[in-house]
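By written order: A, B, C and D. Residues from 1 in each chain.
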Amino acid sequence: MKLGFDPDEEAFRAEAAAWLEAELTGPFADLRGITSLTAMPDRRRDWERRLGEAGWSCVGWPTAFGGRGATLGQQVLFAEEYARAGAPPRLNHIGVELAGPTILAFGTDAQKQHFLPPIAAGEAIWCQGYSEPNAGSDLANVRTRAWRDGDAWVIEGQKVWTSLAQFSDWIFVVARTQEGSRGPKGLSFLLVPVDQPGVTVRPIHQITGEAEFNETFFDGARTPADHILGAPGAGWEVAMALLGFERGVSTLAQQMGFRNELDAVIAAARANGAARDPLIRQRIAQAEIGLRLMRYGALRMLSGDPGPAAMTYKIQWATWRRDLGALAMTVLGVAGEVADAEQATSAQLAHLFLYSRADTIYGGTNQIQRNLIAERALGLPREPRGDLS
Amino acid sequence: MKLGFDPDEEAFRAEAAAWLEAELTGPFADLRGITSLTAMPDRRRDWERRLGEAGWSCVGWPTAFGGRGATLGQQVLFAEEYARAGAPPRLNHIGVELAGPTILAFGTDAQKQHFLPPIAAGEAIWCQGYSEPNAGSDLANVRTRAWRDGDAWVIEGQKVWTSLAQFSDWIFVVARTQEGSRGPKGLSFLLVPVDQPGVTVRPIHQITGEAEFNETFFDGARTPADHILGAPGAGWEVAMALLGFERGVSTLAQQMGFRNELDAVIAAARANGAARDPLIRQRIAQAEIGLRLMRYGALRMLSGDPGPAAMTYKIQWATWRRDLGALAMTVLGVAGEVADAEQATSAQLAHLFLYSRADTIYGGTNQIQRNLIAERALGLPREPRGDLS
Amino acid sequence: MQFAFTDEQAMIAETAAGFFAEHATSARTRAAMADNGVDASLWQAFTQELGLGGVNLPEAHGGAGLGMVEMAIVAEAAGAHIAALPLLAGCALAAPGILAGGTDEQRRAWLPRIASGEVIATFAGLDLLAPHGGVADLFVVDTGSAMLIVRRDHPATQVTTLATMDATRPYGRLRFDPTAAEPLADPEAARAAIRRIGAIAIAADALGGAQSCLDRTVRYAGERVQFGRTIGSFQAVKHRLADMMVAIEQARSAVYWAACAQDEAASDADLAAHAAKAFATDTYARCAGDMIQLHGGIGFTWEHDAHLFFRRAQADRTLLGTPDWHREQVARLIGLDLAA
Amino acid sequence: MQFAFTDEQAMIAETAAGFFAEHATSARTRAAMADNGVDASLWQAFTQELGLGGVNLPEAHGGAGLGMVEMAIVAEAAGAHIAALPLLAGCALAAPGILAGGTDEQRRAWLPRIASGEVIATFAGLDLLAPHGGVADLFVVDTGSAMLIVRRDHPATQVTTLATMDATRPYGRLRFDPTAAEPLADPEAARAAIRRIGAIAIAADALGGAQSCLDRTVRYAGERVQFGRTIGSFQAVKHRLADMMVAIEQARSAVYWAACAQDEAASDADLAAHAAKAFATDTYARCAGDMIQLHGGIGFTWEHDAHLFFRRAQADRTLLGTPDWHREQVARLIGLDLAA
């Protein structure tokens, strides 16, 4: 076991840090420190292109597809430096972290050549079409249908919670291509352009008041016949594998965002004296410990054979962040509930408090995560499916 | 709504307090302050007789059966004064609080005449035969069988967790009297003398090292044909109704025991300085609040129509006491883990810590309680029964 | 001893529940949220038609002459519907302060007009944040030493309405001229009344809100189908709902214990108020959070009412002291600071 | 950076797990509990045959020359079987203290004999309670200022063995003559080593114990039938077990982070040790409690092993500081006391 980094890894870190610093004090200084997933989409698209141009967009990908071929240690370091530099959230997070790796794993050579370089170059922004109004936790209960019409797939149906669809060029859609099939069978994984008459994106306003999520309607939407990952009817396996990529190196970048949030809570507590309150101190310490353990848990996962332990990550971070939101409000008291020109921190933390309630829901609720852990990691019996439609 | 007591209620309180004080500084001074359920059984049997003699054994029962015909308010006050005086745990708790009220509710006149006065007189000590090795949480899965043989019932089988059976004269037994029946059907509620060759009581050592509970074996045990409550085959209804009596006035006496335990924790915290620790203060305050709310919850139940709210009481007190045990150990630290001649409190609280782990198990685990609340109070679907035997 | 509603109390509870169910609809509450945080016609109906604006004020001062139990009953019903009205600000904070600490003249001047709804009154502590301050005509202000009556219509009085997490009870930040304000005669009595009655009223609001969270979530769990089953058939959902009920029933005991103790001037009335505020607002926060969780994605949308409860639960927690603070008061009151 | 066992570490883990599974049976542990808290033949086999009595001591002092990661691996395996042996007392407390703070002479005199099992050593803080004190030949004693070596065979030394909740690690209360004791040369270094290595070793014991609680309860849940179903098919049971696993995996990260940080003398080594001790012992207590709960009545009997885990979990929590105390150290180390 070894936690330290080698000198050559440290050299890579220095290179990345220097490049990020130059860009974020130079041409992209306006993006520094942004944390909102919806802020300044045009400039963040420029940033995706700049990352691609300089080879920092998809550092772990093979160079043949626009990546940098970085080692695991290097990827870890880049993720950390990216966040440390205050670089903005990746507008193409889903393309870089989910769609790309899935295409790498399941795509044909032609598909890889077609789809990967534009992602690495920041030219193709992706979003995700999984959930439906009646298939939230029950992901396999897909009703969106697709069928072949000549050399194209035609798609009818509705997806929901399509994060960032309003900024996206592509959406991957899990659709039912085998008529009469049920559950995970008969689904296909289609790659669909968003900018077409058959696709309508309608924002959903969430409890924070913003609209990060959308409903996406498919009404005769079309995509070429070869824009399918895996065989027709074998889309469930692809969809599930994709969820596994959520536990990759990007978790470390995510954690650096959490670091910033925890630091904001600590700063607020020191500013208003709450940091002297032994109850607050305990909760901040517990948050600090939880964050560190996420980091070392991620490094364990990335370092080798984590086994089913990796399944525990989602519930860990979601619960941690929800608790941090509650802690933030305890630290701030009534002052955290009012918008006040002098208190930017308060607005950020109030947003965290509200927004983090979604963390334990989307991407598999805490309840679903516990089912998965119990059934797949601990081997306990599966929940029986009912017969209500 | 009114929490205060009327002058005539207060007069009753004074009478009870005076009597208890006289007895517990006089002939029964040796029993004062005892909290163990197994300590000094012979002397506590004497105490049951003394209570009966003076009419303080079953204050809420009709005078015809040896009770005092006390009003609700008077019963509440007696329970409080009993505990306040440091009177010992009732050796015949099960007879007075469970068997008696059930016989009152379901017995024939002859049964009432036969069984109730000896309970009120302290002459008949009772215990409870519900759980079996394969019917713990699944109470209806009874395998103990009984059948008619002439003018008697003959009983074969095994009960477990028969609290205080070693001191008891009678046991009520839920037995399967209809061959081939399953679940709650075909059960009968039999009243069986313990002192006979067909009944063997064997102690179970619990994690505290004591043996409060027992296994009770029935091997051709007999009881007269008319020692059955309710009709043959209708024992489940009787058994369930009995559980309802657990939420009667005796809860207030139980709470006075909790009061003593919490006071011991508070005293320990004040003695060793833990009472200055803000974390401990929060937990003690929460325990204090929880105990008060048990009291007022009980008064709500007793005052009228509590509806399904009464179902929440078991999980409330069990969880409260388990948490108190953990709090006690936090207050004491390492000193709580060692037996030390100078620290009687420590031994009492260490015992509480271990013993209270049973509270969330016996009499319906917290999980079973949540099922009951969800299904009966909130109307949610019942858990499906499986087909494993 | 009879710890159950009298027939009259049961009738008030039924009336209040019916009134808010009919009038305090989600649409009207949301309209008030987008405006100034008060559903004016609801407030008018409440004070004029229902005549409960002074539920806990003496009849001599234009009130209904009832007690804290009745006030709690009304606050619970308002909380159950997240009603947007200055009930807490006026009836549980400002008016009890004036009643307990004001001169006869001050009482005569203000209490009937607060009870009738003509004057909206509120309260501000040291931070000068007043719930519903933006619409208030009258402020009772705790300066730490004095308790002052501050009129909105005085030229030196300025109120900045702040965008507030719970938009059914927006805070206003007050600026005023202390020399132009009128002190209450007995500031200690006023302060004690506001603390205690305010705490109990907030606890009652929280109780009503928590019960609504449970009721609505139980209903949704019986309708929403996932994996071919209603989600209410999953034990994880059932148990979470059961735990909500366990907490709510304790909160109910707490609120009415505290209200009774207040009405009976019991020796543990302070302890009861602290206990109720801590326990009921913790319960509300938890139930509102669970409501969102058990609704899944839909519970996270603006259009669903779950966030209205969640926001009000947060406001109930912090106004007049956090649960931790109230528990610390309990610790003090039970003698943890006494020598061993 | 490679945060996974090396091949050699994996082999040690396998060996240790096999060793304790074979020898540290429930029957032998209970026999030791009824006696003096040490399974003497287990301790002999561990020190002599396995040769791990000095796993983390330099070879020059008779140790195996391995590091804290290997020590944690061994302590985790011992904890998984609630082994009754003075591993913590000697290898994680007394020996590291002497190694870090002793003179060369003191090291030469004691470390090889501790490693070989010839001498049983332990540690006592200000309360003079020493785990396994009743059987110890040698005590390292923290007097607050000095760190002393106290020999059992000195006539002034008296040890009272106390009946202890965790009878696999009974405390002895020490009385001794300070003037007859031998001070360690560098008390600060000794104290720091004992605190940090002791904390990590206890955390590792807790990790192993918690994992056993989970494993055994999963097995039981798959066998025990109630309501015609294995109880492991009930979602409430499944979710409780899943939560145990979530906590345990975090505890595992904590223990090996802390062990690595210690071996690499990382700047956050202190923070890591506090974090590991707090998190892992909290996790153990929770898992042991859940083990009893999910076993139902049988888990509450003396004959079932659940209470052995439960008792040891409690001992792990309090020895060398409670979780609250360790979290407070984390709060201090991350700078909560710095000015804003």
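What we mean here is this: a contact is a pair of C-beta atoms (placed from the backbone, for glycine too) under 8 Å apart; a residue touches a chain by one contact, two chains touch by 3 or more.
Computed from a predicted model, the values in this text were never measured in an experiment.
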| Which chain has its C-alpha centre farthest away from the C-alpha centre of chain C? | D
| query | More contacting C-beta pairs: B-C or B-D? | reply | B-C
| Mean-CA-position distance for chain C and chain B (Å) | 39
| said: Counting only Cα atoms for the centres, state how far chain C is from chain D in Å. | reply: 51
| query | What positions in chain B touch 2 or more of the other chains? | reply | 278-279, 282, 367, 370, 383
| field | Multi-partner residues of chain C (each touching 2 or more other chains) | value | 230, 233-237, 239, 324
| field | Residues of chain A touching chain D in the complex | value | 1-6, 9, 72-73, 76, 266-267, 269-271, 275-276, 278, 281-282, 284-286, 288-290, 292-293, 296-297, 299-300, 302-305, 309, 312, 315-316, 367, 369-371, 373-375, 377-381, 383
| note | Note: in the complex, chain D contacts chain B through residues 127, 129, 162-166, 171, 173, 225-231, 233-234, 236-237, 285, 289, 292-293, 296-297, 299-303, 306-307, 310, 314-315, 318-319, 322, 324
| task | Spell out the residues on chain C that touch chain D in their complex, using ranges where they run on. | result | 234-236, 239
| said: Under the stated contact criterion, what part of chain D meets chain A in this complex? | reply: 1-6, 9, 69, 214, 218, 221-222, 230, 232-233, 235, 237-239, 241-243, 245-246, 249-250, 252-254, 256-257, 259-261, 263-264, 266, 271-272, 275, 278-279, 324, 327-328, 330-331, 334-340
| chain A residues within the chain B interface of the complex | 277-279, 282, 384
